[in-house]
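Here chain A shows up in two complexes: once beside chain B, once beside chain C.
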Partner chain A sequence: MKRLRFNQQEIVFAVFAVLFLAFSVFLRGFLTPENMLTLLQNVAVLGILGLAMAIVVIGRGIDISLIAALAVPPGLVLQMVQDGHSLPASLLTAVLLTIAFGLVNGWLIAYAEVPSLFATLATGLLLAGLGQAALFQLDVVQWSDGMKGFERLGQGTILGIPTSIVMFAIACIVVAFLLRRTRWGAYIYAIGDNPYAARVTGIPSRPIIVLQYVVAALIGCFAGLVMAASVNSMPTRIFNSTLIYDVILVVVLGGIGLSGGRGGVLNVIIGTLLIGTMLNGMTIMDISYAGQNLVKGVVLLLAVITDSFLNPRNEETAQQGDI
Partner chain B sequence: MRDTLTSLRYRYWPDHLLGEILSKRWTETAVPVILLLIVGFALSQSIDHFLSPASLADTARQAGEIGFIGLGMALVVIVGGIDLSVGSIFALTDFCALYLLDVLGWPVPAVVAATLLCGALLGAVNGVLIGYLRLRAFITTLITLIIYRSAFDLLIQRYSNDIAAAFPDIPSWNFIGGGDVFGIPSVALVYIAIAIFGHVFMTRLRPGWHITAIGGSRRSAYNSGIPVRRTIALCYVASGVLTSIGALFFAARLGTVGGDIGVGLEVIVLTATVLGGITLGGGKGSVTKSLVGVLIVLLITNGLTTLNARGGINRMALAGILLVAAMVDIRWQKNRTRIISKVYVAPTYHALPPPPPTEIGKGGPFEQNDKLRDVQLIGLGRIEAPEDVILDRNDNLYAGSRHGDIMRFLAPDYQRMEVFAHIGGQPLGMAFDRQDNLYVCIGGMGLYRIKPDGTVEKATDETNRSMHSVNDDSRLRLADDLDITDDGLIFFSEATVRYEMDEWPIDGLEARGNGRIICYDTKTGATHTALRGLKFPNGICVAGDGQSILFAETFGCSIKRYWFAGAKKGTVEVVMDNLPGYPDNINLASDGNYWLALVGMRSPSLDLAWKMPGFRRRMAKRVPVDEWLFPNINTGCVVKFNEQGKILESFWDLRGENHPMITSMREHRGYLYLGGIANNRIGRYKLDNADPKFVQYDKRWGKLS
Partner chain C sequence: MKRVIRTAKILVATLGLAAIAGPALAQKGLDEPFQKPFKEALTGKTVAYVPVAMNFDLTEGWYAGLKKELEPFGVKFEIRDPNWNTNAGAQAVTSLISEKPAVMVIHNPDVQTYAKLLQRAENEGIYVIQINMGSAYRSSAFVGANWIEIGEKDTEAVVKACQGKSNKIAIVQGALSAAASAYTLKGVENVLAKHPEIKVVSSQAADWDAAKAKAITQTVLKQNPDLCGIVGFWDGMDIGTAAAVKEAGLTGKVFVATSGGGERKGACELVKSGAFDLNLSYDVPTQAAQMAGTIKWLLSSGAKPGSIKGSEYTTLIPITKENADSQTACWNLSDLKK
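Let's turn to the complex of A and B:
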């Protein structure tokens, strides 16, 4: 099995390389510095979200509400600064909102035992609805003077590398450390591999699951801040887009099995590169938004089918109602 | 004073109903129905013209369209999956219908057929992926949602102008969209027809049961030979078809293809499904639940729109309802049995005066002795749980066993034991009729007749259902003891209608009049309930006058007499009360008196607890079952009494080694045969001064000529 998974990584990486080469050769304007910058910047936000999703998926869950966490708390920061509050106070409020949101998600999944897909589908709608109804005046929250300096989170370069890439790298290192070097990370793998065995061995499964969703929401919020900083606004209607499927695509294509307990940060990076290249190439080829979605959907479907063959569900530990 | 209040409160307040109502399946449908009524009432108060015919017809049209999708979703959820792609299928089939009609100009029947086929194909994609390839339903339909939606977006970019330009005026198409029959919209009529078929399909037909079985436990369904993969796949196909029916009506009503058709529809339908009480994860659900859920969600969203709520609020309300409903449903499914078992036990007030003494030296008829110390033992270690023993006129001995058999010990030495008849339930009381048939009360099954050759026939297992009982009391749960009158009426006791055979001691904890006496007429085969509200009625014996029966109320600690014929017909009289123990079977003695078994003796602690219902309820809620205070049934005795209610003699086994536990006894040719439900033996005691020729059969039915 281990050999097979290694193969999947290799295959995905090879597909990425072939695709990249093919685009470089056949697509005019693909291998230009500006395009590479756009690609990497788009990829950065997607990659950070992929990290958040990876944590949850490794723990045998899924978080559909990540886009809400990406859109609403950062949007709140921009809105509050626009309304005259100080930046630190706004950031603090947003972080508290994110933590509260993560706690709600985690509580619903760990304690109320609502299936994770279902719970996050609903909480995502709830948070997006809250933003739409109560927090934002316009769908696109604009940058204001109070945010001055904060755009450096997503723009410019550090040591010649675009900042958003650096942010992605930092997030990767932090998540890799969490997953591989802490007891908490080991617990996540254990829970994802076999939740009942994990509970029986005395791992505090429920608090750990809550923690997963809190961390995922925080990473989502961080991704949102990076995104807002790089485009100088927060388009909150992004919640209605299909971004979340891109994130799932990153995780599944990268080789993190949906049945949990497998994969790591490296898989996210590989998946991100592949998806980033694919999306960028399709944009240059001027495929319409709907057409892109169609291609993405089909690729995702193929990925999920492949995943179900490579990482078959364990019928013994698959829950009743694990839909 | 306090006791009086307690007794009144427990006599008139129906504590036992809560548990019985909760254990009914229909409570799970009742909750959403009540919610629907509340929502409907609240909206009709806050919105003008909410209940006007025009408004209702409009709601009915929308409800019909979404209702079809709700039915499809219900089917898929019951089979253990979920279908998020319904919104996109709705959009695509809507486009399909309008494209065929407006652009290609197909006739209406062909359009309808093609649209349904389109829905079936789209559903079949889901079905193959989830049913045959066994992908996860949620993620798969999420992906097909995007794919179908993208396809729809691509298609309307090309054709929306063509469709918008056409204004077909076809009567049949207009009827589909806006017609009505006697004021009922066409869509509602079709919905009703399909809903009725769906109800029959799910509850009465084999495929419907297969669907529920797969949702309940996929693996067990597979092991029992149900075609799991095909059934699941077909459910998704059905969901696609039902969605396309909804889309057809929608297309005929509005005739447009906007880009946002069906966006977010899956959340609305899913909310409706969960809110209606269809359990996520499968195995439970009904057409009614689906309809009620759709109505609630539709009323709420329409109401919010009418009240000019912002889009975000609508979204939040849906998501919030969805979450709360899912949470309630999941917690309820998980804890249902625990909650019911906690509230089911409903003890009541039951006061008894201090019992007559039984101690040695205190005198009285119950004074303990050691007469049973040396009873002969029959079948020691070979028989289990002979609740009742009986002898036929050829002196053979019959006894029930825990394994569901009637055992026969052959005369004269009762060493040879054989299985006389296999029944399958635990035999309790037994009696011979005039034709040598053995009638047996079987716990959990009812009244059965065993012919002399050993064939088993059911006599009755049901009685008339009482009007005001919540529990279905038409089935017999615990038929206990019986006797047969000269006219061929069989009176038998049913100890409790609230507990099963294995839980009978809990009825003693409750001390409520849950039992009844039922009469089965061997001539007509009819069964009716003669007396109800008895505290664990047990032993029954036809009295000497042939017009009345004596019966024991085990937890009432009394013997009563009931006249079924003659001048006092229908009356009940107390023969003896305040017995020191719990009376069990009653049988004839050779001298015209009666034998009575006391299965256990009363204890001061339980007597006190019986006066404290609150205490017993707290005990039932907080303490594990094996630590509850139960009636003692380890030590008892046999007494002889007469019709005036005077105790004449008592028989004890003080050392408790030979035969301390007695539930039944029969006198036969100068011996007393003893049975006990917890025993592994039958006792045989030589009676002094008894008629050595006495045979119960001969006494009742006359000597063999």
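Let's turn to the complex of A and C:
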């Protein structure tokens, strides 16, 4: 008899489906089109960040500095406009800063061969510190008149769908195209699966690693712009929050193993949906903050434990070395 | 008789002389006996300031205000920035106790963490002034907002706006561990106890985070589109609350009450734009001036630290559409820093 095997993606999808059904049946006001849109809208930024993290994790790395890329360059845009610079000039400066930041990350990891966890931990602190010390007057950078019109990136609707969801969808399509349809995407999978074999076969692995971090930083910056537009300000203190753990959760929960080479955009979407459903349902039920954390923790633990029961580790997978 | 006249003449002459001599004496100046000891009491003294973090309107405003008031008197003004890290803050306070500044100005992250340390500081002869968020230990002075009053006034305004409407309100709390949030909630409860007709459809903590506040408010508004008011606990976070109300097209229909330090961009501008209907300001520059006044008084009094204890609760400025345009309702950080 063939043993039933589920991978993590399917388990998480099952958990999501069960939760979704339970909420739909027992929670009045959950399964309405408006609420579904709100659900997605609330996790759109998290989802975009998940995409950035996915690219790096598939390439067998991790980017802890993602929240700094989310907070600092968009914060810089708001600050520069507040100080009287034009919006295009500010945006250009922010994008250049983001690219420079991604290049530093990539260089440290690909050429200086610093482990990605430590390299990005340090550079993230550096960028956030730079922002706090030199770029911003206050932690919360407020919207100013010069930004008029730009809030449409995160507010309002396009064809009845809230803009931030559209932005998430666009990001999904772009990243899916990059990973599945381009040679670079294939290289990222190859490097993530076996970096040494990839190098032997002639894949320019170092430049590709640099590219991963530049793209991740740019997506992080994009997520930050959507977030700033949606709340009309940039709370740069978000760097001190636990958002990065949520991002890693979305990725890992969705089934992109930290050992690299596996998963894709679909996994990020599933992970995001699970988190979104939980948050939305619990908000409707008016569960206290502590209670929400408890529920989140229990669901996540269940998913991880089920996975390790159904897919036990063997020598081969253990050698891949999670973090 | 003649003698009498003579005496009178002499008297008049003496008086006249005295009248001439009087101004001559005044030209020499008169020493005011108290200003010198005052100056001596301040010169060279160190005032240490430990906020929960710099880089936000409240703590930057207090810093600028204190600096402006104290440095001209030769007071050394030092700052320790724990950047939201309670442990780092406790370490800063501990090391300050051994450095023995004359005064410590402390912004507590919660009620318990610094309480014992502050008591020790006053026993060691350091005056402790607590600002805006007090600890369980009552020190020489507390200068700051009365959170219970803020909760009460915000809720009263929301309840009033709800009259004749659905009577459904939502509460967006700060961080659960913060005393300011818990006290404000108490104020909210005080008012709600008197108004049983009001139904709280959601009361959740958004962790002082605008994005979380927006997410919660969006969901609540979708479930209760007839919501008539929201009590928010801090304007920096309630930008998100207001953004959700605006996106739902309910600006003006849902009354948003919040509170904050009254910085122009964060308070008056947002009231003007209609994002907030009421923003209770605890007017940071006035608070800074009161702190500075208290420091001057304590240092010149020579009182033993911890022997006298008092409070200065801030008079709140309610910012509404009526006064949001005025020059005095809000303050500019850039001006205060000049």
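To be clear about the criterion, the second predicted complex is superposed on the first by the 256 of 323 C-alpha atoms of A that agree within 3 Å, B and C clash if a C-alpha of one lies under 4 Å from a C-alpha of the other, contacts with A are read in each partner's own complex, and residues count from 1 in each chain.
Basically, a contact is a pair of C-beta atoms (placed from the backbone, for glycine too) under 8 Å apart; a residue touches a chain by one contact, two chains touch by 3 or more.
All values reported here derive from a predicted model rather than from experimental measurement.
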Taking the superposition on A as described, I'd like to know which of chain B and chain C A:Gln79 touches: first, second, both or neither. neither
For A:Ala290, decide between first (touching chain B), second (touching chain C), both and neither. both
Applying the document's definition of touch, where does A:Gln132 land relative to chain B and chain C: first, second, both, or neither? both
Which holds for A:Ser205: it touches chain B only (first), chain C only (second), both, or neither? neither
Look at A:Ala112 in the shared chain and tell me whether it touches chain B only, chain C only, both, or neither; answer first, second, both or neither. first
Quick check for you: in the superposed arrangement, does A:Ser90 touch first (chain B), second (chain C), both or neither? neither
Touching partner for A:Gln142 - first (chain B), second (chain C), both, neither: second
Look at A:Gln41 in the shared chain and tell me whether it touches chain B only, chain C only, both, or neither; answer first, second, both or neither. second
Touched partner set for A:Ser65, first chain B, second chain C, both or neither: neither
Using the superposition described at the top, list the residues of chain A that contact chain B and also contact chain C. 132, 288-290
Complex contact set, residues of chain A against chain B: 62, 108, 112-115, 117-119, 121-126, 128-134, 242, 245, 248, 258, 288-294, 296-298, 300-301, 304-305, 308, 313, 315, 320-323
Complex contacts: residues of chain A adjacent to chain C: 29, 32, 34-35, 38-39, 41-42, 45, 132, 136-140, 142, 144, 155-156, 162, 227, 230-233, 235, 237-238, 240-241, 279-280, 283-284, 286, 288-290
Chain A touches which residues of chain B in the complex? 80-82, 129, 133-140, 142-144, 146-147, 149-151, 153-154, 157, 217, 219, 267, 279-282, 310-320, 322-323, 326-327, 330-331, 334
Please give the residue numbers of chain C that touch chain A in the complex, ascending. 53, 55-57, 60, 83-84, 176, 201-205, 207, 209-211, 214-216, 218-220, 222-223, 236, 239-240, 242-243, 246-247, 265-266, 269, 333-334
